[in-house]
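Which chain is which? They are A, B, C, D and E, in the order written, and residues in each are numbered from 1.
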Amino acid sequence: MTVSYTLEVADAKFGGFSKLLFRWKGSIYRLLYKEFLMFCGLYIFFSVFYRFLLTPKQQDLFERIALYCDQFTNTSFIPVLFVLGFYVTLAFNRWWGQYTSFPLPDNLMMAVSGNVHGTDERGRLLRRTLMRYANLSSVLILRSISTRVHKRFPTLEHIVESGFMTSLELKKFESHHSDFNKYWMPLTWFANLASRAREEGRVRDDIALRLLMDELNNYRAKCSLLFHYDWISIPLVYTQVVTAAVYSFFGFCLIGRQFLNPAKGYKNHQLDMYVPVFTLLQFFFYTGWLKVGELIINPFGEDDDDFETNQLIDRNIEVSMLAVDDMYQNLPPTLKDKHWE
Amino acid sequence: MTVSYTLEVADAKFGGFSKLLFRWKGSIYRLLYKEFLMFCGLYIFFSVFYRFLLTPKQQDLFERIALYCDQFTNTSFIPVLFVLGFYVTLAFNRWWGQYTSFPLPDNLMMAVSGNVHGTDERGRLLRRTLMRYANLSSVLILRSISTRVHKRFPTLEHIVESGFMTSLELKKFESHHSDFNKYWMPLTWFANLASRAREEGRVRDDIALRLLMDELNNYRAKCSLLFHYDWISIPLVYTQVVTAAVYSFFGFCLIGRQFLNPAKGYKNHQLDMYVPVFTLLQFFFYTGWLKVGELIINPFGEDDDDFETNQLIDRNIEVSMLAVDDMYQNLPPTLKDKHWE
Amino acid sequence: MTVSYTLEVADAKFGGFSKLLFRWKGSIYRLLYKEFLMFCGLYIFFSVFYRFLLTPKQQDLFERIALYCDQFTNTSFIPVLFVLGFYVTLAFNRWWGQYTSFPLPDNLMMAVSGNVHGTDERGRLLRRTLMRYANLSSVLILRSISTRVHKRFPTLEHIVESGFMTSLELKKFESHHSDFNKYWMPLTWFANLASRAREEGRVRDDIALRLLMDELNNYRAKCSLLFHYDWISIPLVYTQVVTAAVYSFFGFCLIGRQFLNPAKGYKNHQLDMYVPVFTLLQFFFYTGWLKVGELIINPFGEDDDDFETNQLIDRNIEVSMLAVDDMYQNLPPTLKDKHWE
Amino acid sequence: MTVSYTLEVADAKFGGFSKLLFRWKGSIYRLLYKEFLMFCGLYIFFSVFYRFLLTPKQQDLFERIALYCDQFTNTSFIPVLFVLGFYVTLAFNRWWGQYTSFPLPDNLMMAVSGNVHGTDERGRLLRRTLMRYANLSSVLILRSISTRVHKRFPTLEHIVESGFMTSLELKKFESHHSDFNKYWMPLTWFANLASRAREEGRVRDDIALRLLMDELNNYRAKCSLLFHYDWISIPLVYTQVVTAAVYSFFGFCLIGRQFLNPAKGYKNHQLDMYVPVFTLLQFFFYTGWLKVGELIINPFGEDDDDFETNQLIDRNIEVSMLAVDDMYQNLPPTLKDKHWE
Amino acid sequence: MTVSYTLEVADAKFGGFSKLLFRWKGSIYRLLYKEFLMFCGLYIFFSVFYRFLLTPKQQDLFERIALYCDQFTNTSFIPVLFVLGFYVTLAFNRWWGQYTSFPLPDNLMMAVSGNVHGTDERGRLLRRTLMRYANLSSVLILRSISTRVHKRFPTLEHIVESGFMTSLELKKFESHHSDFNKYWMPLTWFANLASRAREEGRVRDDIALRLLMDELNNYRAKCSLLFHYDWISIPLVYTQVVTAAVYSFFGFCLIGRQFLNPAKGYKNHQLDMYVPVFTLLQFFFYTGWLKVGELIINPFGEDDDDFETNQLIDRNIEVSMLAVDDMYQNLPPTLKDKHWE
């Protein structure tokens, strides 16, 4: 489920964002706790290893290695922060781009409701079928990119069952062979059916037909963009560089941030606190930022914060039918308003 | 109230922005002073605790902990600045995006005024009703995202009372059941009513109808975008990472930035100034930047600087009615201008 | 006057930008010299104060305070640079956005010239009046946001005098009461007059009327965007944080960057140069960057580099009249061109 | 082949991106291993040279040079990171811009399918030819910018053979001489043929013809943008600065990061580890980031991650023909849907 | 000449960008070598001055000044890098914006070719004249912003000679007086001529005329944007701050980076290498980045990498005439394609 929280922080009052820190659902804690535990486990392992299992001489070597590691994790040798900043910003822009590419039938349904006429059965049939085709197309495209939608409609039969498609349509759909994604086919049906409706006089003029065609193209463009966002990811190479940077950084921290024997007087090692608070915090922030990247690089998965594609599909078909069927020329009486003078 | 101040700094003269520092309304001081006082309070608590309540030996331990904390708040262990910079930039872009998505009826009202004809009662009724539907839609969407508008119209009855809706319309509105936000319904009425006006000949040609439909779609797209900006926030995870970074940073500052006994000769602790000027400044700037984020992440709240949605609603209905009713074909005489030769 | 200088640096030759450093008009020196002198004055004051007015003991205290201040201005405690970078980038984007929102009548005048017909007086009157309405609207909006334009037209009477409006139009304009900016009214007149011209057959077909309506809407959208850019500034809070950061930074520099007695052997204080060259440079760059922000946050002021709104207004009305009146169907003879074969 | 991997990381679960680190295809390892080996080889060479081939005195000199180099590679003298960050961000935006400029015939084919009528041979011929022209244009432009497509169609004859063009069309194409890329010619044929189809009544009204023209222009604009992206690269100067920065940085690392004799007690040289782990990591990240830039600066090459232009060409012609020929007015029966009530 | 090099680096193979380092044409070396030599000259001057011309006492003073300078050039007192990064990014966006605003007649010529009919002389004349007007407009605007185009057409007579204008048109052009750039006049002729062609029936319907008007407006908008990009530069103040930062930084480097007498044991001055390799590298990178800014701030100059405006003008008129004259209704025979079945 998408996690909406802006209402809670509508006002910038005392404390502000602090209350957001105590949420579990969709939180960074939920995303991160496993990695966090594993990092702690490994840290403890090395700690015990150094303190109890090594001979003094081995400890000496360990300490020198630790100091060596520490020296580099403290300077900017591994450019974690910088690389992460640029990467997450790119991922975020793609993420929002994907959301705004989500095909919503609202414009189309208003065009259909206002321009495909007839209260008789044929009129209703035309309007309903047109909108069904549009919705079907978006279901087909979402099935191929969203794991949630794929689970809901594992086969085309499931789409027929749910009523987005009749079985005759499925047969026609399958009769056309193509090596590529066929999501656009119902939209071609839409174009041809609209053209037929014009011939029948259900669409009264060429301008109205053009409106339908324009809205169809906008709708199709969004489906298409969604498909391409899915196909062309951020180059793998970039993701690998970022991931390797974060992982190796914390790999070296496991050794470099051990508390060394204060008795030996190493610089910055006067205090043995057992729990490396700051390293854990650093792990929390850096890995947390990487997790933000993981979360948003594919918003069509099943994370807490991923887009609720199934809910949107239901919404789209529901409002489509409402607008073109129940609400067609079903106007409230046009009365003088309150401020009429 | 939105705080406009650019006129005051229209010219980059001596002092420039300095005069902006002495404003209280909509200022950072007003947003921040509670947090600031609390931070001071806690700092004083730790200061008193360290100076008067601890035994010398405990003081020694406290000093070592303080030095340890200080070491990490001084280096870039907690990447507050970087994370804040990226976060606020994202939030700012969303904020401006939301503002430019605010549905303004100006284009629509000009199209209605120029293309829905008739000075008789039916003509006026059509024009007024069309614009009322458009405004009603924006009220419905704003009610669901703005706390201010929600307070103004806690129930649909309030909308009827204020004249945006007749009670028959409300009845019709409620007769359509939908699990989702129904803000788009008045716009479907608009489409159907425009279509009927065409049939009646009030809209004289198909091109004019198309213009109404196009402007309607632009208007609806903005309502829809506003709705989606509200639904899909910046992922909670990102906000949590940023907030946790700032809060934990200053948590550790409470201890790490205490003035330690100068007599003990700790490095950079030669002077006991009691008031940690720079830490307070740092608190001011960093937390101030975070507050900017809090302020703009939801511009539909009740902060000083949030959008004045209620005022905009009033403006929109007022100019709508003015343009389509009072001003319809109410032209000043077309005379030769001054430079006619 | 807007300062155009790109022609001088059209080629990246030896020296390149260096010649730009020696300009006074619209320069950073002109913007900054007062602040610079004031900073120098305060620095000298503290310098004299420290060197001649304090007892040795007080000097000692002063030196410790200075060292304390210096320590913090040298590290990144006050994140001036980072905050400035993000802030100026935002301001720059707004600045360019405002410029590209400036309503230019060129598209509109071409549509009017090509589609509102008749070489007789009525034809001329219609074309001229339409363009006058468009220009009037932009004058009304600019009056409310630009100090220069406001000075030129302090009252609506001045607009009438300059010929943008007839006095009958002013009367009509004032007869409509609205609590909000009424800049859009002449555009409503435009829409209604265009609609009337269609009825009179001066506009020959519906498509041409639609073209006028579309260009009108584009024009209006730009006026509106300009109005909103003016209304909704970068949140005051952000500007305050940036300003306070820069000012407090240099406030502490006044003390922290004093040359301390070299004889006392403080670190990095071996040399008494009297003139703190680098601090002055730093002041120049940081405050200079802030001045860039001040300059561009409101491009409708009277700075050297602000938009030349008055000149643009003159240009717009001049070319409008030229295009729709003098040039209407005033074509050069259509002859075979040179390369005709 | 484009490397799609987002499905694998659809959910931000434990480990997350870690599994992406173990891919070879399209990976950073594959891109980088040669440079990496070469860097290692040179490092070993200098290492052996220093340890075994120099006299003690020469070693001394080497050590001083190494320390000198080290000093500068550790500070931010060579601004590798910063320059890389800005450069890769620019390159990434161009990369995505190029992808979204890829001309897809989907909108055009729907317009043709819905508006060029006739099930007879002439109708089919018109629709197929129109779409063939559109596809031919994109093939011509891609041939000039994509090495893959150029390999597939080394001469225009190959295009004729593959069926995108008839030999008569080729003759006509070659009869027009132009010093510049002639990719736009088939689109002019499209415009003229559409115009002829209108005369023949195959396109039934002017609005439909306009739709074809509009979609044609959108299609052409994309072809054109692709051509210009290819022509105008990121200025060579910028690329050279970035490359020189990275290369020189690691050139100096070869000497500056040698392990010096620990016995001599140089600072930070207490431990001789033989393998300079961190320098290698640094090489991996920085050069890896540069490689990201190299990869995306021209997405029409033959890298693993470059766009699959040939596959897209096949897809485009296939779906074009499917939509305008097989699917033309080939609708499934319009039946009541499941939820009809 | 624009330097295209992406084809050379189409594949990210071994070495990658390295081969780009050895180009002279359009290279950073060519841009920078004069500054580089001058910097070296000054450095040598100060070096000789310090080593041979000063008395030991003066040398001592010089050394202290040098150390003082060095201290500040090493820290981030002068924020060269940061300021440069933001500045070049802004300049780059403008640069690409200017390129994509270049008016290309392709859309317009297709509209003219498909919609202005008649194979007789009058038809040809109309089509050729319309396209000539469009091209003339872009020549007029480019003349005022591009030094190259201005050299080619120093007076309007030259434009007449080259065939873009007839002498009668020039006379008409000059008969209209305007204080501002008159580049838009030929486009007004275009609008009026198109309107006349409609009256003559050469343009068959209103929709087609509208198409011509729309494409005309797009074309004009690009001319206008180009004009405004030229008029409104990045504020001079910003450019001055950046330039002053870079220049003063290297000014202080001239002294601060001298090799001081190693015998005196100054910190980091153990080795006298005579050639300050890293300072020269730093000069190369920083000044190189500034040069990138100089190069792209005005892409209409005569740098190697500036846009080839003259070539584009030739291309535009050539393809315009080809499309509307030679190719008008000059279609290859419409035959069945290879895959017809």
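The rule we apply is simple: a residue touches a chain if its C-beta (ideal position, glycine included) is under 8 Å from a C-beta of that chain, and two chains touch if they have at least 3 such contacts.
Nothing here was measured: the structure is a model prediction, and the numbers come from that model.
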Given that chain B and chain C are copies of one sequence and touch, is their interface built from the same residue numbers on both sides (over half shared) or different ones?
different
Compute the rotation angle for the C-alpha superposition of chain D onto chain E, expressed as a multiple of 5 degrees.
70
On a C-alpha centroid basis, what's the spacing between chain C and chain D, in Å?
39
Find the geometric centre of each of chain A and chain B from their Cα atoms only, then give the gap between the two centres in Å, rounded to an integer.
24
List, in ascending order, every residue of chain E touching at least 2 other chains.
31, 82, 85, 206-207, 210, 291, 295
In graph terms, with chains as vertices and touches as edges, which category applies: line, ring, star, complete, or other?
ring
From the touch relation defined up front, give the order of chains around the ring, starting at chain D and going on to chain E.
D, E, C, B, A
Partner chain C, residues of chain E touching it in the complex:
31, 34-35, 64-65, 67-68, 71-72, 75-79, 82-83, 85-86, 90, 125-126, 128-129, 132, 145, 147, 162-163, 166, 168-169, 171-173, 176, 178-180, 184-185, 187-189, 191-196, 206-207, 209-210, 213-214, 216-217, 220-221, 224-225, 228, 230-233, 235-245, 247-248, 290-291, 293-295, 297-298, 300-303, 306, 321
Any idea which chain C residues touch chain E in the complex?
2-7, 9-12, 14-18, 20-21, 23, 26-28, 31, 74, 81-82, 85, 88-89, 92, 99-100, 104, 106-107, 109-111, 113-115, 117, 204-208, 210-211, 215, 268, 270-271, 273, 278, 281-282, 284-286, 288-289, 291-292, 295-296, 305, 307, 314-315, 318-319, 322-323, 326-340
